[in-house]
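Below are two complexes that have chain A in common, paired first with chain B and then with chain C.
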Partner chain A sequence: MTKVFTDGLSFALPLLIMAVGAIYSEKSGVTNLAVEGFQGFGAFIGALAAVLLMPHLDKSSQIPIYVAMLFAAVGGGVYACIHALLCINFKANQVISGVVVNILAVALTTFFTSAANTALAGTASNKFILGVSNRYSIPLLSKIPWIGGLFQKMYPFEWIIIGLVVFFWYLMYRTRYGMRLRACGENPQALDAAGGKVVRTRWIAVIISGALSGIGGICFAYSIMANYSPSIYMGYGYLAIAAMIFGNWSIPATVLVCLVFGIAKAGGQQLCIAMQLPGNYTDLFNMLPYILTMLLLIFFSKRNHPPQASGQPWDASRR
Partner chain B sequence: MEEYIVEMRHITKRFPGIIANDDVSIGIRKGEVFALLGENGAGKSTLMSMLFGMYTPDLGEIYVKGEKVEFRSSNDATARNIGMVHQHFKLVDNYTIAENIVLGVEPMTRRLGIFPSVDMKRANREIAQLSKEYGLEVNPTELIQDVQVSVRQRVEILKMLYRKAEIMIFDEPTAVLTPSEIDFLLRIIDGLRKAGKTIILITHKIEEIKQIADRCAILCRGRLVDILDVQTASVQEMANMMVGREVSLTRVKSEPHFGKNVLEVQNLTVLNEHRFPVVKNVSFSIRSGEIFAIAGVSGNGQTQIADAVAGLEVASEGAILLNGKQITHDSIRSRAQAGISYIPEDRQSTGLVLDFALSDNLALRQYPKKPYSDHGILNFGRIRENAVTLIDRYDIRSGQGPKTIVRSMSGGNMQKVIVAREIEEHSDLIIFVQPTRGMDIGAIENIHRYILDERDRGAAILLISLELGEVMDLADTIGVIFSGEMLKIAPAREMTRYEVGRYMMGVKEA
Partner chain C sequence: MKEKKKGGLAGLLISDRWSNVTVSVLAVILMLLTSSLILLMMGKNPAVAFRSFLQGCGFWPKANYGGGSGMLSDLFDYLNILSPMMLAALSFIVAFKTGLFNIGISGQMLLSGFLATIMVGYLKDLSPWIAKPLVILIGAAAGGLAGALIGFLKYRFNIHEVVSTIMVNYIISYTTGFFINTRYVDMLTRSSRVCSPASRLTWTKVPVGGISCNIPLGIVIALLAVFVVKFIFDKTVFGFELKAVGTSRKCARYIGVNVQKSIILSMAFSGIFAGLAGVTYYLGYTNTIVPKTLPGMGYDSIAVALLGNSSPVGSIFASIVVTIFQSGANYMSSSIGVAKEIASLITGILLLYAACGEYMKELGRRRIEKAVDREIARMQEARIKEGPDISGRGAFRQAENASAAGRREQEERKDQKEGGEDR
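Up next, the complex of A and B:
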């Protein structure tokens, strides 16, 4: 049981940071289906930075992880500029832009991973071997019965993500930028008439979205996968979008949804082990979060309130 | 020229194809209510958009407090203490009133002395005080989506006051209000004038100018006709200048000749998509030769009545009879063929196929019948001939005659297309829903003449209008609807404008 909580949390938090990114973009009025591409591209840049750095450091050094997170954020943010440019400046259809950005990310990162491996190691592998981050348990808290699992064997990035989520929650609901951002996604005319800058607000939001997605991606690479490869495009980005929708575009609610997803996934795996089913059944149980997604969609999509202006390009001349 | 707080000299503004303002010069004195009168498209809003920094003039100069200014955005205008209430409010629905007011100029504080954060407590306090000061009672913590249109307008006014506006531009502020709300707004404007603010009022309603304005500039087709002292100018004179020809302000109505009952609506109930009743147990009847007008504030169920009669909405309870025959469950087309014409509220989506040619739109009702089609094959020659006749008869103006794509036409001409098509059917019952919405005096005069002509021909007319003036001018019988219930039905000559207005607000015993 404790393992369900431990694994659940380590899956839920990277998902959450991607969902928070998606919320930023959508709350500013830019529909974001590009999370999958952002996280993949961000993770690629992070992983590349790590493999370049690793030969110069001690084998057990944990420094590359933090460097990778930083670069993943930068990479995701830079890559998100494509989506921002298409949606905000060129007023493209935002759904199509999101899909295009995703497809482009898969193609670009697969190609450049092999190219980088050829240059570095001489083999055209499509993987960067990263290893798995160290894990730490919190004294005392981890001894609590049942939920103690939440505090056992934590990846350090989990703490960073929790900090980031708190910071970005505060930014959205308590600060001037957040107030303008939320107005921008509801009624950009109102913000414009009040003297705010719609284009700038949306650009910043989409870049934040890319950066947070990149962090989510590299955390998956350093935990479940232990390497960077095209299998990073597992659909976690879409799961993050689903979490955002069930969370009704609210950060606190999305935290809960991500926890439920994480625990469902970890629970499925433990169930599979407990029932002593052959390993290939794991895939079946891995479907749990997605089935949950479909069920929740049926019940929750009706009373949701998406940002009113999400998906609509802002045209300053049409006031 | 020192006496003017705002001066616009020789302003010219061109848009592709039209000259919106042609060498317009006006001067506005501090502390007056200055009205800009003109028809739709006369260039009033364009002129004020330049004063508010949303457009830059092609030619001409703007002076504020004697200084020459060149505004690049509305922020520049705000910095010069100019504010504007737009015709369509610019508010965030799920923000509180206070949040909407401070958006863009948020007061800041530091939480725990470190973290910067918007100080909503201070904002709420300041706004409560400001709203008391000017008699604009609002509750700062209420959400915009929960308050009425008139309150939203007060929020827009408070937005200007919060930004320390001295010069306030109101763009058609009364278009969305009921008569009593209009009175309240005019009192607010009067209060602002007494507080030393300068008010610019854009409108096409002369009676409001008469009530509140000190001076009035009249624009016609982009040019300044004259600047008048409102005290000494007559309404007829102002109307003629505004339209550019003699207009008749009073509707000449002949004595009614009522015949047999054409439409009978009995205990009609209509549910909306949430299964909630929006029309509740409504009964009325219309005789031939009678104009039955339903007055009411927008959204009280009047459109649903029209839609239920025309067949666009399902009547969940009750009966609809046309010439004594049950049509409650008939299809839209069989009702139309039984004798119902319908001029819908939404011209663009319900009334027309915007990307079809004018000739096709004029044939939308008759096309399945001979001679417009034979055994399912359309006869384009006849459809064209029909269009040529109607274009001439109803003075429909378009770029390329019958083959003009309707989308490219002006709103007034689109309405003429629908009116022509529906009236030409010579139906027993004609339903007009907001037939003159957004149209100007000249065009309104024409539409009203058609309505009265059809009545005199012996048609029964169901008129649904949000314009109380229109209802009072045209109706033989008035029904007032409030929250889905028909509160009062009475002959028009037995009701005053104020009684109708009070019923519209839901007051049962006037």
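Up next, the complex of A and C:
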């Protein structure tokens, strides 16, 4: 039971940070289906930085993880500029742009991973071996019965993510920029009339979205995958989008949704192990988050309130 | 015609007739330039690389051929992969015209391919005359049902089709993977057992002029499908209603279109083509299913549809271009030693440029506007130089008229353009 909470949280938090990224983009009025591409590309840059750094450090050193997270954020943010450019300045169809960005990310990272491996190690492997981050338990909290599992064997990045989510919640709901951002997604004309800059607000939001997704991606690479390979495109970016929709574009609600997803996934795996089923059956349990998403969407999609201007390119001359 | 004379490329970009074609051609040219640059940076000769892509597809003779194969067999193999690509692009187009994004083509392909394989492909002693139509029927039905489900979820529960198709993709991928791994796996290849020749949509090893070719049936289906889609959208009320829903849902409801029915039917229709793509891919091209792997074609077809400006006929040309890179990648990789992943990179770059289409058109529009402005400015200058004598006044009036005419023309064109968009 404790393992369900431990694993669930370590899956839920990277998902959450991607969902928060997606919320930023959508709240500013840019439909974001590109989370999958952002997280993969960000993770690629982060993993590349870690792989370049690792030979110079001690084997058990944990520094590469933090460097990788930083670079993943930068890489994701820079890559998000493509989406921002297409959607905001070029006025392309935003759903199409998201799909394009995703396809391009898969192609770019797959190609350059093997190119980088050829250059570094001489073998055309499509993987960067990263290893798994260390885990730490919190002394007192982890002894609590039932929910103690939430505080056991935590990855350090989980704390970073929690900090980031709090910060970005504050930025969105308690600052002037956050209010402008939300106005930008609901009624950009009003923002423009009030003297805000729609284009700049949206650009910043999309870049934040890319950076946060990149962090989410590298955290997956350092936890459940233990390496960087094209299998990072597992659809977790889309799962984050589903979490955002189900969370009705609000950060606190999305936190809960992500926790449910994480616990459902970890619970499924533990159930499979507990029932001692053969390996093939894990496939059926791996499906659980997706099925759960569908069911939840069926029950909760009706009442949704997406940002009004999301998906529409901003044109100063239109009403 | 007048516009064309006026502005060259910019004129082409904003002309009603050629605008979309120009954008696609420009995207292809830009893609070729960019990928040449990448190849040059890797120290390869782009011309050789592009030639080897063509050689891999049977458009250009290779240096030497293995026993029993020739250029024609390469060409038929190319057609074999081209047909599912065209069908998948059609699938995207049908949904896109109704304002829906069918991202689930991959899943629908996998589902229909899987069902057709286990229901017909593994039956023994079936006449090919029964088996092949049955495969096509099952493929269409499975894809259509999967698509209709998405449409139903969209209108009944307001679930965005992009999210639901992606979830369904993964559910299909895991479910079929589970059944293949537990029941239909070939222990040697780790993918599903091959299906019987009777049910396969490709006639394998047909001797044509001394070389053995794999002749695809799919290409006939694909070409037929293109014209069916074109007919439906151009000539039928049903097609018009779908387009109306795609342009403006409110407006469609106002003119009495049943929007909900249209959404479901459009997705079902889209699913049917995805299903056909699935059977031509899994029972024609590969003849086996790798478990838990969604075909990348489902996403590449979006590129094709976008490049073909979501017109059925345009998608023929677009899929020809995209498939050359996908299909020629293996030969290119083995002959000049560039990782074959570059094919998907090239597709991605192409897609990026195609997505910039609106912007290219706008650039063209701006250029023409600037040219008109320059003309007006020149005339006004001439007016000032002439001075206030009588003949000058005539010139002034002339310039005034000309500039007014220029502006009027510009505005008319803009109206036309906007009218076109509204349509």
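Observations on the structure shown:
Here, the second predicted complex is superposed on the first by the 318 of 319 C-alpha atoms of A that agree within 3 Å, B and C clash if a C-alpha of one lies under 4 Å from a C-alpha of the other, contacts with A are read in each partner's own complex, and residues count from 1 in each chain.
Criterion: a residue touches a chain if its C-beta (ideal position, glycine included) is under 8 Å from a C-beta of that chain, and two chains touch if they have at least 3 such contacts.
As the structure is a prediction and not an experimental result, all values here were calculated from the model.
When the two complexes are overlaid on their common chain A, residue A:Lys302 makes contact with chain C while staying clear of chain B. After overlaying the two complexes on the shared chain, residue contacts for A:Ala194 are found with chain B alone; chain C is out of touch.
In the superposition on chain A, contact of A:Asn280 is made with chain C only, not with chain B.
Of the two partner chains, neither chain B nor chain C is touched by A:Ile161. Of the two partner chains, chain C is the only one that A:Phe90 touches; chain B does not reach it.
Ranked by how many residues of chain A each touches, chain B and chain C are led by C. In the superposition on chain A, A:Ser114 makes contact with chain C only, not with chain B.
By the touch criterion defined above, A:Ala22 reaches neither chain B nor chain C.
In the superposition on chain A, no chain A position is in contact with chain B in one complex as well as with chain C in the other. Taken in their complex, chain B has these residues touching chain A: 54, 74-75, 78, 86, 88, 90-95, 99-100, 103-106, 108, 111, 115-118, 159. If you check the complex, the residues on chain C that touch chain A are 101, 103, 153, 157-160, 162-164, 166-171, 174-175, 177-178, 181-182, 292, 299-300, 302-303, 306, 339, 341-342, 344-345, 347-349, 351-352, 355-359, 362. Within the complex formed with chain C, the residues of chain A that make contact are 33, 82, 86, 89-93, 95-97, 99-100, 102-104, 106-108, 110-111, 114-115, 124, 235, 238, 241-242, 245, 280-281, 283-284, 286-287, 290-291, 293-294, 297-298, 301-302, 304. Taken together, the chain A residues at the contact with chain B in this complex read 170, 174-176, 179-180, 182-183, 186-187, 189-196, 305, 308, 319.
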